[in-house]
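Right after this note come the structures.
Consider the two complexes below, in which subunit A is the common component and subunit B and subunit C are the respective partners.
After this line comes the complex of A and B, so read on.
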């Protein structure tokens, strides 16, 4: 294969991997602290992207000219409001069901996802149709043969990676991260050590949902298009990535994200059959991996889960 | 006592008199995608069918009072069959205008046949819907993708394009477009360098488009609907893939242009029928539609939904609210004067005189090709 063509595939795959990874980290955080699977996660991403879009429209109406300022405001508004939404979901829907079977939480969040998705469609003006997400990043491009590299793609990729690294530091190098890890390891013992269990759970849900909003904004800036159904598939892919990486392990989630993106790209490019089967291929490989390592690639140590 | 009897008699007379004036209620149906990615088209169709019913109810000469039952097929075959069964099994519903999505329509025709429920397809363009079987219950006012792709291939060949890459969704709709376009293109000397099937809810097309770019085509032919049409066109730009974007009826919606902004410029689309203003009854339809105050636009197939529903109502007026009689009356429709032009059903219930119109996106609007600056040579489609 032409090296420039390979470079293009690699870039496409990395970009997808970062987006999947960010979603997967959310799943894994929630599972870590509460052992629950929150299926509305992908739809929180959608709501985040639409919040950013609405912020953009408001700023445009207020005639804020600088695209960087717009971008900053959009990201901050989307991430904080989704963090708030995530905490609300945790407080009023997930925590009250702590003693109920895990299946109930799963079903509840599945339904909540539909509510969020259809809510966006019905409440956002003309929400059934795809919306053009603004191009706020410089779109200068370099071309080497088949390889076209755009500055906006590079910026997105780097900021996505930066967000993952920042999350890593938050979890592993701060007091808050220590508390999250303690709750993940053993909630009751953590409480006896004076850690406010409820607060930590809410913060973890806020963190995961904020990351989803970030992924939503990134997704919008990368594809320049958002729609009410965008989170559905991203949720499924992100969840698969988290599971195959090892649910409860942050590195596993990131690894799973890149692995899934890589498999999709290989499925579309290198296999002789139609590219329509790329998801079939990628998910089939994940199933095989799960059969081989049921607890995921980075097997969780029973004592540590975050 | 006599006074009481007189009052009772008067009340009875008044009651029977008003009963004679009140019209019998007749139910008709509409099915289309009201939620999901193609909801805009479904809602436009629903409004248009609703308009046909409202206008008829406002007509003092109508024999019956009509009530419209609306169901949502979500553009999903399994849901479509469910709602089709629900409607067809309800014997009080006499006939219906059904389906925008081909994948749904092809799945439901058996159901309509089984229940003896006459329907008119208002938007789905897969030829097999009418031609695979010979069901007396199934009719269609719009043309098929065979007609559409012949016209498309002829136009593109006449413009001097030679090399295509085909991307189509893997539903019956997308596969049909791929098949009929490829067949129409071959005798005209066009070459298809590669064909990619993609899923209908795919978000990321960079892998397929990177491959397509390496093949260096002049035109990307896309057989599919608006949501992924927008994504593919937008991601072509991202990857620096400079080719003409040739779509089908599936992207001829206001949503396509709104979703892409300036990037939509120069995209091509082909639909059965003609723009509302150019349809024989278009002025009337548009004026009434605006007057009724619907929030959403009728979209590309609204006029067909209106024409289909009006045809159903006309036949019920003619032969009475009886499924079998309406079915037989629909089978005999020839040179029926509708807002989408004359309708004549062949023995498969297919309208044989569909009009095809070519469109190009110019300055944020779909412009009829012949009226565009691209046809006059003022602008050129970018290769």
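After this line comes the complex of A and C, so read on.
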């Protein structure tokens, strides 16, 4: 394989890794604080991407010229509105089911995902068809011999990584992060230490959903296309990444994201069968991993309480 | 002691009349009136103690009630004998009932959630398509073959499903459902995104796709499919009920409620989970094979994740582990969007919202499963 193609696949894999990682961090955060899987997470990403797209259309109608300003506004609007949506979901749908079996939460959020997905399809004009996401980043390319590097890819990758680093910083270095970690470790003890449990849960859900919205915008800018169903597969892959990395573990989630993206890229490049089977391959490997390590590669550190 | 056959017969007759009225209604206002009528009448009947009477009457004359319901379904089918569309709806709901029964055994009895229900139906459909296209096997064989294929392919999942719990197990079946759809979409032998046509079911040289002529009586070809579907449903229903009442069902219940305790009592958890999972997939695959013949043409878009979720909703709406509830829920879930064209587009949202509301306010389902009665003949007061 020549170096050009290799470079492309490498960049593509890294990009996917960052996107999956961002989604997986959300799953891991939710699981950490509440021990629940919020399966509508992927669809929150879709709604975020479409919110950004709607913002773009509004800005275009208002004739805001600068693409950077547009991008900033799109990201801010998408992330804040999704953060708000995430907190709402946590308050009215996830927290009331705290005492119910974990399966009920899973089912409820799966159904909520359907509502969001179909909502986008039905409410957005001509929502059943894919929408062209605007190219707002400069698309100049650098050439290193045969290997070309597009500047928009670099910007996207760097900003994604920056977002992950910022999240890491927030969780590990700030007081808020300390509270989140305390609630994740033991909610009741955290409450006796004066931490507002509900508030922390809501903030965590807002944070995760904001990250998902960011991933949605990234995804849109990278592929220049969004559709109402994109969140489902991204959600499944993000969840897989979180599970493979071990739920409740932020590093595991990021690692899992890159691992999963790597798997898909290998599936597309190195295997003898057609690259169309790359998702099939990735999902089959996922099922195999689940059979081998039932709670992920970095196992969940809980003992079974009888 | 209300053990006369009267209430059971009355319920079957009422249900038949209701089905005929509902399926035959053309105007949206009539349909709405019928729905509101049922929504008012059923709780009222329960309020005045009628439901208890009906329940004990059915409990005492179960075989009779089954026969009455089957007769009712046949009468309904004959009533609409030349209406293709209505018969197709009826067949679809009958087959979905079979698949949902399979899911009930998995989810309601053994506690394994299967989010790939439509994938197993799809395996059945594609088996029927491949058998009729590439082989000369007798087509009746597609029904058991569809079930066997679904059970076999499902057995790949047995190890991960047994080893994982909760969210992790859910992830396995979700991944499989999406894997299946992606696979058939990119596989050219199976027709890719365009799908495949499925040949007709033939029995003793008579093709099921031919219209029926008996003397001056003419009927749609769907009528013959309905008879087969009804037969399949009746068999599966009786089988599932027997399974539930037997010590197998008891073992499955114990395993669902507490794995560790059941293991302490010497129950083989893996064995019963495998039995439930494989049996459920078999039912879904068998129903799928017949569904393929009925549709005549299948494509990957018939087997999306959304459809799997609808199957789970049926099990949940009907009341987890309650076969009668599942039957009623399947009928409504199939027929409502077809009759109300306005909601056809919104059906996924509608069912999703319904399930969310049920999970929030009535987590045991609309018609919850009743506690086991160890002495079926005795009408124990307050045993609910």
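One rule holds for everything that comes next: the second predicted complex is superposed on the first by the 281 of 306 C-alpha atoms of A that agree within 3 Å, B and C clash if a C-alpha of one lies under 4 Å from a C-alpha of the other, contacts with A are read in each partner's own complex, and residues count from 1 in each chain.
The rule is short, and it goes like this: a residue touches a chain if its C-beta (ideal position, glycine included) is under 8 Å from a C-beta of that chain, and two chains touch if they have at least 3 such contacts.
Small disclaimer: the values here were computed from a predicted structure and weren't measured.
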Between subunit B and subunit C, positioned on subunit A by superposition, is the outcome a clash or a fit? clash
Which holds for A:148: it touches subunit B only (first), subunit C only (second), both, or neither? first
Between subunit B (first) and subunit C (second), which, if any, makes contact with A:118: first, second, both or neither? both
With both complexes superposed on chain A, which partner does A:5 reach: first (subunit B), second (subunit C), both or neither? first
Would you sort A:224 into first (subunit B), second (subunit C), both or neither based on which partner it touches? first
Answer with first, second, both or neither: which of subunit B and subunit C does A:130 touch in the superposed model? first
Contact-wise, after the overlay, does A:279 reach subunit B, subunit C, both or neither (first, second, both, neither)? both
Which of subunit B and subunit C A:233 touches, first, second, both or neither: both
When the two structures are overlaid on chain A, which partner does A:268 contact: first (subunit B), second (subunit C), both, or neither? first
Between 60-68, 276-284 or 294-302, work out which stretch of subunit C sticks into subunit B after superposition. 294-302
Which residues of subunit A are in contact with subunit B in one complex and with subunit C in the other? 118, 232-233, 274, 276, 279
Show which residues of subunit B lie in contact with subunit A when the two form their complex. 35-37, 39-40, 43, 170, 196-199, 201-204, 206-208, 210-211, 213-214, 226-227, 230-231, 234-235, 238-240, 253, 255, 258-261, 296
For a test of understanding, state which residues of subunit A touch subunit C in their complex under the given definition. 37, 93, 96-97, 100, 102-104, 106-108, 110-112, 114-115, 118-119, 122, 232-233, 236, 239-240, 243, 247, 274, 276-277, 279-280, 283-284, 286-288, 290-291, 294-296, 304, 306
Help me check something: in the complex, which residues belonging to subunit C touch subunit A? 113, 115, 156-157, 159-160, 163-168, 170-172, 174-176, 178-179, 182-183, 186, 260, 305-306, 309, 312-313, 316, 345-346, 348-349, 351-353, 355-356, 359-360, 363
Spell out the residues on subunit A that touch subunit B in their complex, using ranges where they run on. 2, 5, 8-9, 12-13, 15-16, 118, 121, 126, 128-132, 141, 143, 146, 148, 150, 153, 219, 222-225, 227, 229-230, 232-234, 264-265, 268-269, 274-276, 278-279
